[in-house]
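What follows are several structures.
Across the two complexes that follow, chain A remains constant while its partner is chain B and subsequently chain C.
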Partner chain A sequence: MRKDWANALRVAGLVVLLSSAHSLRAEYLRVELRVYGLDCELCARGVSESVQRMPGVKSVDISLKTGLLEIVLAPGNNFKMSDLRKRIRENGFRPMEATVTARGEFSGPKFQVSGSNESYDVAKSHPKDDGPIELTFDVR
Partner chain B sequence: MRKNLLVVGLTASALASCARQQATAPSAPEKAPPVAGEIGSRMPDFALKGLDGHAISSNDLHSKVVLIDFWATWCKPCEKEMPGYQRLVDRYGPRGFIVIGLTLDTLKDSKNPRAFATKIGVRYPLAVATDDLKARCGGIKALPTAMIYDRQGILRAKIIGFEREEVIESAVKPLL
Partner chain C sequence: MLVVVTCVILFGERSVRADGHGPLFGYSTTLLGSGDASIGTELDWRSGVYMLGPEFAYGVKPNLQISITSPFHLDHGEHPTGRYMAFMPGDPSVEFLLGWRFLHSSTGIATRNEATFYVGVSALTQEVPRADGAPLARQPGLYGALAAGHVARSYDVWVGGGYQHYARWTSNVDDHQTDSLLTSFVVGWRPSFLNGDYPKTDVRFFLETTAEKVGLAQRDYGPTSGDGEHGGPPPPPNPNGIVVLPNSGGTGVFSGPTGLLTHGNIAVQGGILFALLDEPNGTQKHEHYRVAAGFTYYFLGRHK
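Here is the complex of A and B:
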């Protein structure tokens, strides 16, 4: 009987551990990506819809005037910048520079976005204390 | 006697009110048919002259799974997507899958649409989308727009913007 309880506790502990790991998934929060060659309104709306279907994307706004794609991500997403750039190329356009807001932590000089394998050389001084922070930075 | 009459009167009045209520009781609300271009709506009837001169008619599409793709030569995502449609036609055409490409003439084509399509390997039927047909498809507000109809001519999927071939395939395959 005691053994059963111990097993149940162990399973519960594992569930808590897994769910907390899940909550640490990629923490991209916002992305502003310049898209080269976006000069047709109907196509721009198509690109917007195409990006909107990507997992983790909450909303997409696109400006034909600036060629800027503004994306808001849902919490706990598994979004990757590399997937977004691929999506833009699939649409026949060229992804350019981006401004990214993400949660993550510094690992040496690199800013590692939580839960993703994507990290960036951020030209900003980074805090010494450990733990995730929210940061906005430019990506070329 | 007066009391009895009152009871009879009240009873009759109650029954009449009841009958009236029954007569006016709202019946189960009838579901409005889906608006044109929405999932569940019917494929509009059309008769067009194809870019190759052959007629394209909705009458010839009965019991087929049909993908209508709205595209244009100046639309880069369309150009990326169309060769995938041709591969799906090659794969599933024998099972009754048809693609019809309807080009938009809202902007002047700098390229000949037929030559353009041939160059990217497209062999399925093409025609110019009339304003009337666009309206009866619910209006085309973005390119590309793919509308997938089942064998009964009911719209089962509407995919706006570029989508990968395997995603389109997963929408078409269950309908075949």
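Here is the complex of A and C:
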């Protein structure tokens, strides 16, 4: 009986360890980024195929008329906004403002995206519950 | 000849024109992103002169691009053989071209202002026969060009100019080709009914105008052997001691429509320029029009 309890505790500990490791993964969920300079189908294709190859990217949609790049990310990704902006510049275009949906928590006045080193000043009220939340915010 | 040309086009279908993204004859800026590449081929026809030009281009950095072009004659003619296309040598040769987009300003959705400086070096791969004597010394070729443009969703405007210098490293050849100058002005237009969103076949039309001045051939080592004109004696030297060979060089202005279609990773281009001014020196043949067609395949999004 005592041995069963010990085994159960070990399994529980492992589960906690695994879930905490999972929470270290970045939790960007969706990004809508305005891109300047895209004028033709080949330009859009170059950006789309390049972004599609970034780790964690589930789907990419791009509009030449609005210059809007829409990215849906798989849960538990290693995605970083700084990498995305760098990728756009490498394609010869200019990343502008973005609307981001991500999981994270407030650290003081900043919203820290879970599992990443990226945080943002978010013009939203600090929630009373300090746990991780899903938030959509604009990034300039 | 048509069979040969057709076979070559079909054979080359997997390849591409490296700059098949804008004007066909005139100047434009670099386009490949970092790590992107393109391969292609282009067929040029100048009133009896057939050239086929395989090309490869690679984006080293977002604003730095290298390309290699190696056009060769399927059939040659007696037109002035200086530079008459922005991104392809006028003679059968291999050219390495480096493009630096030193100005790159994305000013809004689908709009950019850009300028690129090009520098290239080339070497002949085939001799260019001449009716009046031995082939001219014309290598290595050194090329410098500047292109600038405004790009938008419904229209483009490009201007550019380039200077082609021919050195004379060829031994045992007294006659050499002097330098040539090429300029271009291009207006691009995407009709509103073709202005669809990605992913969709993209079609653009251009009105391209090129102006060139091809230098005269010279013999500056003294009138030794060879002919001045169809077996006749060479003309006397000018006050600088240079003998100018009469059937060489010329001036031309050409203008006409070209089109660009892109679908997926493929671009197809074609167009025709008509002579507005064609003044070849001596007895060289006149050109009435120039035709070009190109096919390009792009390798995109290959960032490490």
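As a working rule, the second predicted complex is superposed on the first by the 119 of 140 C-alpha atoms of A that agree within 3 Å, B and C clash if a C-alpha of one lies under 4 Å from a C-alpha of the other, contacts with A are read in each partner's own complex, and residues count from 1 in each chain.
The definition used in the following text is that a contact is a pair of C-beta atoms (placed from the backbone, for glycine too) under 8 Å apart; a residue touches a chain by one contact, two chains touch by 3 or more.
Everything numeric in this text was worked out from a predicted model, so none of it was measured.
J.: Which holds for A:76: it touches chain B only (first), chain C only (second), both, or neither?
T.: After superposing on A, A:76 lies clear of both chain B and chain C.
J.: For A:109, select first, second, both or neither according to whether it touches chain B, chain C, the two together, or no partner.
T.: Touch partners of A:109: none, neither chain B nor chain C.
J.: Touching A:93, do we find chain B (first), chain C (second), both, or neither?
T.: both
J.: Should A:36 be classified as contacting the first partner (chain B), the second (chain C), both, or neither?
T.: Only chain C; A:36 stays clear of chain B.
J.: One more residue to check, A:63. First (chain B), second (chain C), both or neither?
T.: A:63 contacts chain C only, not chain B.
J.: Is it chain B or chain C that touches the larger share of residues in chain A?
T.: Tallying touched residues of chain A, the top partner is C.
J.: Quick one: classify A:55 as touching chain B (first), chain C (second), both or neither.
T.: Neither partner.
J.: Please write out, lowest number first, the residues of chain A touched by both chain B and chain C across the two complexes.
T.: 37, 40, 42-43, 45-53, 90-93
J.: Tell me, which parts of chain A touch chain B in their complex?
T.: Against chain B, the touching part of chain A is residues 37, 40, 42-43, 45-53, 90-93.
J.: Can you check the complex and tell me which residues of chain C touch chain A?
T.: Those in contact with chain A are residues 21, 31-36, 61-63, 101, 104, 106-112, 151-153, 156, 195, 197-202, 204, 262-265, 267, 298, 300-303.
J.: Quick one: in the complex, what on chain B touches chain A?
T.: 72, 74-77, 79-80, 104, 106-107, 140-145, 160-164
J.: Given the complex with chain C, which residues does chain A contribute to the contact?
T.: Residue positions touching the partner: 34, 36-53, 62-67, 87, 89-94.
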